[in-house]
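In the two complexes that follow, subunit A is the common piece, with subunit B as its partner first and subunit C second.
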Partner chain A sequence: MGSGGLLQQLVEAVVVGNGAAAESLAAGALAEGAGAYQIIEEALIPAMNIVSGKYDRKEYYLPQMLISSDAFYAAFNKVKGGLSSEQAKGKGKVVIGVVEGDIHDIGKNLVKTVLEANGFICVDMGRDVPIEDYLDAVAEQTPDLLMLSTLMTPTMLSMKRTLDGLVEDGLRDSVMVAVGGGPISEEFRKKIGADFYGDNEKMALAWANETVNGKVA
Partner chain B sequence: MEQMSPKERLYATLYRQEVDRIPVAQPLQTGTVELMESCGAFWPAVHSDPELMATLAYEAHAKIGFESVRVPFDVNVESEALGCILDYEKGSRKGLDIQPSVKTAPISNLEGLEATPDPDPHTTGRMPVVLEAIRLLRKRLPAEIPILSAVVGPFMVAGQIRGVDPFMRELMREPDFVTKVVEKAFRACLAYAQAQVEAGSDVVVIVDASASPDLISPAQFDAFAKPYTKDLSAGVSVPTILHICGRTKPSLAHMAECANGVSIDSLVPMREAREIVGERWRFVAT
Partner chain C sequence: MSAAVPMTPIERVVAALTFQTPDRVPVALYFQSGVQHDLVEMDYTWEEALNHPRKLYQAVERQYTVYGADNFFLPVDFRVEGEALGSKVEYRLKTGGGMRMAWVTDWALKDKKDIDKFDVPDPSNAGRMPVILEVIRRLKAKYPEVPIVGFVNGPPDTMTDFYQGHFRQLFVEMAADPKFVHEVLELVTQSAVVFAKAMIEAGAVAIATVEGGMIDEAVSPAQYSEFVVPYHRKIRDAIGVPYIYHQCENATPFLDLIVDEIQPACVAFHDSVDLRWAKERYGSKVALAGNVGISKAGAPFYGTREEVLAAAKECLEIGMPGSGYLLSAGCEVHHGIPMEHVSALNRPLKYPGWSPSDVLRCSAA
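For the complex of A and B:
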């Protein structure tokens, strides 16, 4: 079988969340001569777009999304070593995390998976992350984008403090900041001086694409 | 003109009888920092001390005028009794304004699950603290003010003791194991809820945040959450209210089958909820 058939099977394996199959199909495609970049472009990105579409249409819920993400990473980790250094830089670098005091990271993980599936390099800070850690990450990693999430009302204050910290440390102009999560709104975004508010992973991806393209141009 | 006492009014609402006006009872926790300051009982100490817990619960009735009180103030009493290690000092204010959360989940496999003893609500963890707070409130409150006590739903407790991340994946990959974890949680929840009623609780509020359609599908809710919540509700002798967070619209009809009342949050417009629940309409709070 040529790598084309394997790539189609890989798409299906990711969509149904079969991690073992996704990993061996990715290895098989490499062995058949497909390039790492080609496997990502022709199988993994389309697969995660299908998964994300099913999630938006409520055909998939969190459990289905999680096992598809696992299958995506099983294949992605198999092939990413084969990316050229230029390709490995991706479209842009994103520091992403849940703010201090909040442990709800489902939305953040969803956004991260969709961004990685679409060629962004994500530095995942995790959840309940102290403000100082975000400031250090922005200073040291020099990301293009910073994405902050919270699901709870009390921790919206941590989001504001993180933005304030960026200003105080003179880092605010070095990075574009997006905020999201249940209680967040466009009004709140304006109030704390972030650049973008998004309600779902599709909006986050569209903004990330626009922002890095704008930078290049 | 008012003819009913707050407790009669709440009971009548939950049993779908006529009321003189809408009850102003609060099924969710009432621990605001302002109330803590006005009564001197602060989180996180409140969570482990029956006297402080009763004091803060009482304050919501005394100061705000809710026609009810509600204990406890967190959603990890059950999971802790089943072995979770909690962090009581989250955030920059050391737990003053953030509920305790699970630091480590105890269950990683079937052997571990089977080796975990069923909690005794009178002796295990903070269950006795909540029971004692209910008894204290029963003594201090006028008899006509209802005491609402919360028990976390078996599905949510199962996620807490297994860890939400692996639990959600196992829902797809190992449904038999998931069922066993939920059954374990169910036994603990039922014994604890019955002990709350014995201690003097008038209404049991079942909080099942992870059974939200924001997370799981209606089919998964039907298979892994609904039967246990329904049995839990049927297993206590007082009326129950089921609270599920998030955009619960797709589950409302199913939620209404589980308890006497349904509690939703502000993400669900009241009018739409009423249209869905219709004849089965009982009680909705935001």
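For the complex of A and C:
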């Protein structure tokens, strides 16, 4: 079978969330001569676009999204060594996490999966992430975007402190910052000086696309 | 018409739950991290209070004696059942008030093949369950006229405190290995049942629960039907006292399942549910509680006392006709809100423009 057939199978493996098959098929496509970037462009991103579409149509929910995301990364990690440094950033690089003091990560996982589905490479910091870890990640990973989430009102202050830390460390101008989560509002976004507030994953994706395309100052 | 003499809190709550006529709408709260205010005042750490019957009793007592709620609510944290199943917690700092809540940092079940090694815990000696039971006994002895509501976590939520990987891994397993998820849910459901029964034996007159992670953006109604409904129904059927159900976030897609299949005595609504719509659709089937805004920055509970009272009045105008209604916040009473706003809720004569006759309009249908 040529790499074209393997890439089609890889799409299907990611869509159904079969990580073992996705990893194996990605390795097979590489062995058949497909390039790493080609595998991502022709199989992994189209697969995640299908997954994203299924979520939009309420055919998929978070459980299916997450196993597809895991399958995506199983394949991506197999091929990423063949990418140039620019290609490895995908459409854009995003550091994403739940702020210090909060463990609720459902919304963050949704946003991350939708971004991945659309070609962004996400560095998932997890939940209850100390402010210093975000500052280190921004300094070391040089992401295009930093996305902060919280579900709880008291931990909203962590967002402000993270932004203050970016300013203090001279990193604020290097990254665009989005905030989101249950209690967050546009007024709060303005108050703490973040660049974007979104109420859902679609808004986050639209902002991410506009931002990396240079449409947002 | 309303009763001529003031009801006790338990009479008031029973009247509301059974669609009779209370003397005023009861104020029933999921009172949890709001206890932080009391712990600070009493100079107790979270770890001290949650592990010491006398200290926890002193904090919970204030729900009635200081804030005037028509119920006691405990446990005030979510980790009791996971801890009883063997998970380890640390008291870690949350920002925005110095809270050091118990968070699971070492899960009991790390490898799914070990599920058969776990049994339903004995509430008399498992984790912090004995502390909760002792506090309930003390409350019952001193305040027999105040209903004590014992809290059990929703089974999927407890699974995330028991099985390593938190909600992300639960969601992955729902898609990848549903049989395993059902095995775990069965265990944690039976754990909830024995804990609930022990709380009832100690003096609780109702059991409340919450679904915090199985929310509308994460799972489909079909997944909710498979992984949530049957387990709550088992608890509801086993306990023999009113089951009070709160769904976090927008419960609208799940409400038919909750009301018709779980069949709780009362559904407590999150801020995001349209109370008027819910009252019209479900108000004759099930008692409703809710839903003064508390979950979003700028919600009434974060505003002025007048804004809280105006929002409460609006809820009452919708909820109280026909009875079957309890005034509540849209989610747990957490530590970010001024507590004087809570104590204002049970003083309806302070509501803007209300007279005694307005307070008494909560007549049965």
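To be clear about the criterion, the second predicted complex is superposed on the first by the 186 of 217 C-alpha atoms of A that agree within 3 Å, B and C clash if a C-alpha of one lies under 4 Å from a C-alpha of the other, contacts with A are read in each partner's own complex, and residues count from 1 in each chain.
Note that in this section a contact is a pair of C-beta atoms (placed from the backbone, for glycine too) under 8 Å apart; a residue touches a chain by one contact, two chains touch by 3 or more.
Keep in mind that this is a model prediction, so the values were computed, not measured.
J.: Using the overlay on subunit A, decide if subunit B and subunit C clash or can fit next to each other.
T.: Clash - subunit B and subunit C, as placed by superposing on subunit A, overlap.
J.: Is A:Gly101 touching the first partner subunit B, the second partner subunit C, both, or neither of them?
T.: Touch partners of A:Gly101: subunit B and subunit C.
J.: In the superposed arrangement, which partner chain does A:Pro63 touch: subunit B (first), subunit C (second), both, or neither?
T.: Touch partners of A:Pro63: subunit B and subunit C.
J.: After superposing on the shared chain, does subunit C or subunit B touch more subunit A residues?
T.: So, of the two partners, C touches more residues of subunit A.
J.: Taking the superposition on A as described, I'd like to know which of subunit B and subunit C A:Met156 touches: first, second, both or neither.
T.: After superposition on chain A, A:Met156 lies in contact with subunit C alone.
J.: For subunit A, give the residues common to its interface with subunit B and its interface with subunit C.
T.: 17, 58, 61-64, 66-67, 70, 100-101, 103, 106, 128, 154-155, 158, 182
J.: Please give the residue numbers of subunit B that touch subunit A in the complex, ascending.
T.: 90-92, 97-98, 101, 165, 168-169, 171-173, 213-217, 220, 246, 250, 267
J.: Using the touch rule from the top, collect the residues of subunit C that touch subunit A in their complex.
T.: Listed in rising order, the residues of subunit C that touch subunit A are 92-97, 99, 103, 166-168, 171-172, 174-176, 213, 215, 217-220, 223, 249, 295-298, 302, 334-336.
J.: Quick one: which bits of subunit A touch subunit C in the complex? Just the residue numbers, please.
T.: 17, 58, 61-64, 66-67, 70, 99-103, 105-107, 109-110, 127-128, 152-158, 161, 182-185, 187-188, 200
J.: For the complex, which residues does subunit A have touching subunit B?
T.: It is residues 17, 58, 61-64, 66-67, 70, 100-101, 103, 106, 128, 154-155, 158, 182 of subunit A that touch subunit B.
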